Amino acid sequence: MKKIINDPAAVVAESLRGLAVAHADLLRVRDDPALVVRADAPVAGKVAVVSGGGSGHEPLHGGFVGPGMLDAAVPGPVFTSPTPDAVQGAIAATTGPAGALLIVKNYTGDVLNFETAAELAAAEDLDVRSVVIDDDVAVKDSTFTAGRRGVGGTVLLEKIAGAAAERGDALDAVEALARKAIGQVRSIGVALSAPTVPHAGEPSFDLGPDEIEFGIGIHGEPGRERIPAEPADALVARMVEAVVSDLPFESGDKVLLFTNSMGGTPQLELYLAHGIAERLLAERGILVERRLVGPYITSLEMQGISLTLLKLDDELTQLWDAPVRTPALRWGI
Amino acid sequence: MKKIINDPAAVVAESLRGLAVAHADLLRVRDDPALVVRADAPVAGKVAVVSGGGSGHEPLHGGFVGPGMLDAAVPGPVFTSPTPDAVQGAIAATTGPAGALLIVKNYTGDVLNFETAAELAAAEDLDVRSVVIDDDVAVKDSTFTAGRRGVGGTVLLEKIAGAAAERGDALDAVEALARKAIGQVRSIGVALSAPTVPHAGEPSFDLGPDEIEFGIGIHGEPGRERIPAEPADALVARMVEAVVSDLPFESGDKVLLFTNSMGGTPQLELYLAHGIAERLLAERGILVERRLVGPYITSLEMQGISLTLLKLDDELTQLWDAPVRTPALRWGI
Amino acid sequence: MACTAEGVAAALRAAAEVIAEHRTELVDLDRAIGDADHGENLSRGFTAIVSALETAVPETPAGVVKLAATTLISKVGGAAGPLYGTAFLRASAKLGDAAEIDVPLLLDALRAALEGVQARGKAVGGDATMVDALIPALSAAEGAADGTIADVLTAAADGADRGAESTVDLIPRKGRASYLGERAVGHMDPGARSTALLLRAFAEAAR
Amino acid sequence: MACTAEGVAAALRAAAEVIAEHRTELVDLDRAIGDADHGENLSRGFTAIVSALETAVPETPAGVVKLAATTLISKVGGAAGPLYGTAFLRASAKLGDAAEIDVPLLLDALRAALEGVQARGKAVGGDATMVDALIPALSAAEGAADGTIADVLTAAADGADRGAESTVDLIPRKGRASYLGERAVGHMDPGARSTALLLRAFAEAAR
């Protein structure tokens, strides 16, 4: 393992120090437990939007802290959900009478730890709600699994809920919008290589020189199947089919298309894939009205991409377009 | 080689198609020769700022086309400088009586091809100037080499020259500012792994499991020396020393610190390195007043980082802060 | 060793050593079917327990177990943190203010631990989780109820070993390994393995 | 084959085949000390020359060589594009309106090509570039001035081969390989190798 780190156990804390100094205008970092909090938190009268999860998916979540998006992010150790007291700390730092919305990705660890934190907050008479995002179509949603994972849709959800909170929506409304967005977003990911977790020191899985993991999760957990490498046209078509057929998205639907790099994909390939996805959606009569292309929810240095489709209506489009100012997403301000 | 591509020969064209459809509000892509041109070009009365070079360094240069930065980018094949007629096409699409500034990275191919284009433009009575950026301290600048390479400083230069042109500076002034910036910017890069050029199909160099290439170029050309892997503190200290001692940057100097990912570096590591660099600069009394952290000038999927320091004065700071709206850099609008 | 507060503390210290020794093994098991952090998570948690016990050892066994529970909850994270945390928390509640744990109390605590894990994680036997180590551990412990504390814990550890072994052939239905479906067959569940390691460490400490 | 416009076109087509055959070799040479594109660049350029000649073969040798020059300049890019482009452009200027190239004209053209490369790229002999193939190629050609066109080109190709071989031991001072300094020693310069391949292809075509 070759990495630009000192001690594997200190990676998250040291990286957060860099984030803090690079974006002191937007956020503050607290130690032990680690938290990333909006510089002007708590914002009076505003619903707090809080998310978090294991580290290694940057810019998710700390890179989305700032006006128009998250009030706080709770970074756990690499690929490990943070603990309830860390989540509680984020709630305490951001939440007033308007309450808070917790955005939780559907992984057993995240759900259990955020659940506990929400219980503890309720005991302190704070109005804290949770939504669980599970947009990954790679996993069968059945009683035989832990349910679908939360992946690319999380980024869009954080933007939309953050915009709703920023414009002054009450907690009921922010929660309802978040649930609507969760109902209308679907994702699929593929991996060409495995990430290496610093404390593990070895790639998280072995992939042959001509193999692609189809339906990868953001922790390098395998998905649907291992397929032979194939040209981009075929691979992206397979991904589009998986996502579109799931909701399903239909001709005439207006959508946001989010083409995400898993971390190690050259931007040249990312835009190439994005162009193919746009063409395939156009062929199906699906109208791409907004797009996001870049590394926004990653799995360390993993090579691969994910595609996320969010069905838009006027309100979601307006919330997407609303000003945002965070380290990783910025427009309008 | 596993890549999300169809045909190696079509990678650049297909990727540009994705860029065009993702950012139709900002830019247009033309084919054969490939060009990325500001959507509202030519902007009447404005000096055109044009850059380009081999592809594979995205978002450089096409991702910097838009208000406040480049009027056009000329993408060559992967790692291969574009031809004079492509550069000429970019000049023709953007340049009026106010003239154009060509930003050229110091590589033999780029210099020769842009030089030829500038001669051809002069023959058509266009006022076209070139500046050559050579900020890479890894290479000895002597008659025994092709001179220093243009690397990370290019991003900062394009922003500064673009801002000067956008606010209405005349060509003389834009050129002078560009030359000033070139004089005050220095960079160094390291690689932990090699990029794989699509048409080559194999990594551009072989690096042992415990080796780091110190002073790497952005095409995977080797630099100063191959060193054993070392902790981030030591590696970043070595990089800071190389850059600071070159200009030299001195206690009391105000600087912009640009911590760049070469493409495949996890953001967790990138911010970790950035934090160390800030600390080391503070220890030297160098004042980091602006910063940029992210993958802005890359070498496909190469793992590694570069550090760039630009000495600031009020005017450069103001130009850096000026609004910019491009696919990869955006603020203030 | 008597099952006083100090005895329980000693057992936890012994467990911390065992977890540290098996850190890589647990990471590798998790790498195969999960996300390569189980050993790291637990060793972070048990290291913290040892530090907490250095500051002060609570007066009752229940106090010590509760300290372990809250430390695991606040240091481990992931799925294992809340699950083990709940197990220890429920066990400590059973222990009341007893100065020493006897066999009936131990069995009550083990039962409470299993119930706690199942209440939180909703896994049943056969889902290929730590529950598959805890169920046979409990029934083996109950079968050894005539013996000493050490006999009961040894039986529990033996049961947990068999249970962990049984997860190799199961299709996981809970936690991260469930995404793998049939591709997880042939791999031992890391949490079941760590449960067996912990019970073995407790049994050895009780000798 | 007579050195008419058609003969020159045939030589260029033959060169295109040789470059295509050696594409990987040239990429690999460039991968070792540059950026792994020289073979790709030249094969793109010569493929374009062949296409251009399919549309129409200019009437004079000078016209054909000029078409090659402009095609290389507009298709190759990198360092090699302008350098080879300039070489062909200067050569074509020397050829004037001759209907057929004879030996003195060929030598003039070769001289002009070398001068053009040196004017553009500022490399001298010993810098480990294509110039190190062109210099011995020219002097060998001059030494064979009594022979046929084929003899002259064969001598040039032999000289270029020796020159390319000589770059293995040199420390590069121009182009991308110069960044490597002493670490480039032991590797042949890709541009010197492609020069030798082109001259050999022309020599074979002239038989």
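Note that the chains take the letters A, B, C and D in the order they are written out, and that residue 1 is the start of every chain.
Operating definition for what follows: contacts are C-beta pairs under 8 Å (C-beta built on N, C-alpha and C of every residue); 3 or more make two chains touch, one makes a residue touch a chain.
Everything quoted here is computed from the prediction, not taken from an experiment.
Minimum number of contact steps separating subunit B from subunit D: 1. With centres defined by CA atoms alone, the chain at the far end from subunit B is C.
Our note on geometry: subunit A versus subunit B, Cα centroid distance of 29 Å, whole angstroms. Averaging Cα coordinates per chain places subunit A and subunit C 32 Å apart.
Separating the CA-averaged centres of subunit B and subunit C is a span of 54 Å. Touching two or more other chains at once are residues 78 of subunit A. In subunit C, there is no position where the chain touches two or more neighbouring chains simultaneously. Contact between chains, as defined at the top, is found for A-B, A-C, B-D.
Subunit A meets subunit C in the complex at residues 9, 33, 54, 76-86, 107-109, 112-113, 115-116, 138-140, 143-146, 149, 197, 199-200, 202, 204-205, 217, 219-223. Here subunit D touches subunit B in the complex through residues 27, 31, 34-37, 40-41, 44, 73-83, 120-121, 171, 173-176, 178-181, 183, going by the rule given at the top. The touching residues of subunit A, counted against subunit B in their complex, run 2-6, 11-12, 14-22, 55-56, 58-59, 63, 78, 192-193, 195, 209-210, 212, 229, 231-233, 235-236, 259, 263-276, 278, 288, 291, 293, 295, 298, 300-301, 303, 305, 327, 330-331.
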